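What follows is subunit A paired twice: with subunit B in the first complex and subunit C in the second.
Then we have the complex of A and B:
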């Protein structure tokens, strides 16, 4: 059982809360796919209030995982969110960690 | 892109914060594997303070996802944590949701 214990500690410590948190994982996934994504689009997609989405974007931006551009489309103020290299890498690392954890859990049987 | 959006919303909303949170995912995995697990064992395994582990266990217990038994081994007070059916089911659901999300992210390419 001590092998298991080391494995699980390794898996869970390689999950990065910055990226693992459910909403931020959703944001990074959509941005990875969509290139440059409108704030309102993200909000609808994830069913979030504007304030909640802003908070998560601030966390991701501070960590360098997304770019945020503010500008105008005609007279309308717009905010666009796009991926960074670090964001793509962080999402890739999260996926690797999740796959290892899932493989481990599936190996347990129940 | 609207298909993507619906997919991602579906994946992230099927992740349950109760179980998805990194430390609780680790606890449930170890308990799933270990049957009845000592508090100190979990604490070492996950590198947590006793207070932090207690907080997460309280959340999991309140949701019916783990059983907590207090007793004595000789003169020493012990706390054991074990899985419940609901806990096993919740972990299985989390694994399904993670697999769907991982498959989706890997389908994006980068």
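Then we have the complex of A and C:
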């Protein structure tokens, strides 16, 4: 039993706290698939308020996981969010860790 | 504890997957380019028709064996009258038809670029819109230069040194569709692209008479290596593709909406 706990703890420790947060993982997923994504699109897809999304983006930008580009299109102010190499890697690692964790626990159960 | 962990991890993975599907579904704008290319292709079909009434009785054409050699007696007496037949000869697609394809391909690529621009601005997903225009223009320029080594002549004529089977415009459509596969990022568009390439290759390599043991419709042959089905078959495939992609995209969005994405 203690061995099992130890194994699971090993898998959970491989999860990245910064990315593991569900909303941030969602932002990285959308940006990974979409390339350059507008702030409004992220807000709509994740069902967040502007302030909430801004906070998450600030954290991800500070960690170098996303790139934020502010500008104008005509008279309309737009904020575009795009991925960085570190962001793509972090997302890939996180998804792999989660898959490995699920596979491991299912292995214990069977 | 472990069950809770599994449930949470599975739930997160399922959310990631649903978000990925949503973005892909939103990027799925392939149906309009397919519809435009199919219209362009199918509308060109009647232009390949060599009107019977415009050909004097003295002109008679026949195929020679299984080879796609059309021999015409009285060929030199063919009138160059009528807007559709102007410039037509039995061995080339003709000036008028060439310009139809040039204007059509340029216009379609510009409409596609505008479509991607409008939709990506509205949705908030930036998509590159210029590759399709740049590729089409470059291919047209290459075809033009290659077809007129000594003098300025419209491309796609039978004297062209490249793709002289008359299927050049279709190959430009093939390459255009492959360019659009990148922003789509869907397996469907890749599978569709492979199928379309195979069809265009098939119709340009094996004209109807040899491939289907069918001698074509009387008068529907304008080029020694070109039958009207060369454009009809790919055109129909593009129409079916546009309908399929549109229906699939609609269905995907409906399912995602049901799941709250």
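Assume the second predicted complex is superposed on the first by the 108 of 110 C-alpha atoms of A that agree within 3 Å, B and C clash if a C-alpha of one lies under 4 Å from a C-alpha of the other, contacts with A are read in each partner's own complex, and residues count from 1 in each chain.
Everything that follows uses one rule, which is that contacts are C-beta pairs under 8 Å (C-beta built on N, C-alpha and C of every residue); 3 or more make two chains touch, one makes a residue touch a chain.
Remember, predicted model here, so these are calculated numbers, not experimental data.
Of the two partner chains placed by the overlay, neither subunit B nor subunit C lies in contact with A:62.
In the superposed model, A:34 lies in contact with both subunit B and subunit C. In the superposed model, A:92 makes contact with subunit B only, not with subunit C. Contacts of A:25 after superposition on the shared chain: both subunit B and subunit C are touched. Using the contact criterion defined above for the overlaid structures, shared-chain residue A:106 touches subunit B and also reaches subunit C.
By the touch criterion defined above, A:45 lies against subunit B and subunit C together after alignment on the C-alpha atoms of chain A.
When the two complexes are laid over each other on chain A, subunit A has residues 4-5, 8, 12, 22, 25-26, 29-30, 32-34, 41, 44-45, 95, 98-99, 101-102, 105-106, 108 in contact with both subunit B and subunit C.
By the touch criterion stated above, subunit B contacts subunit A in their complex at residues 1, 4-5, 8-9, 11-13, 15, 17, 20, 22-23, 25-26, 29-30, 32-34, 41, 44-47, 88, 91-92, 95, 98-99, 101-102, 104-106, 108, 110. Those residues of subunit C lying in contact with subunit A across their complex are 1-3, 5-6, 9-10, 12-13, 15-16, 19-20, 22-24, 26-27, 121, 123-127, 185, 261. Within the complex formed with subunit C, the subunit A residues making contact are 4-5, 8, 12, 22, 25-26, 29-30, 32-42, 44-45, 73, 80, 95, 98-99, 101-102, 105-106, 108-109.
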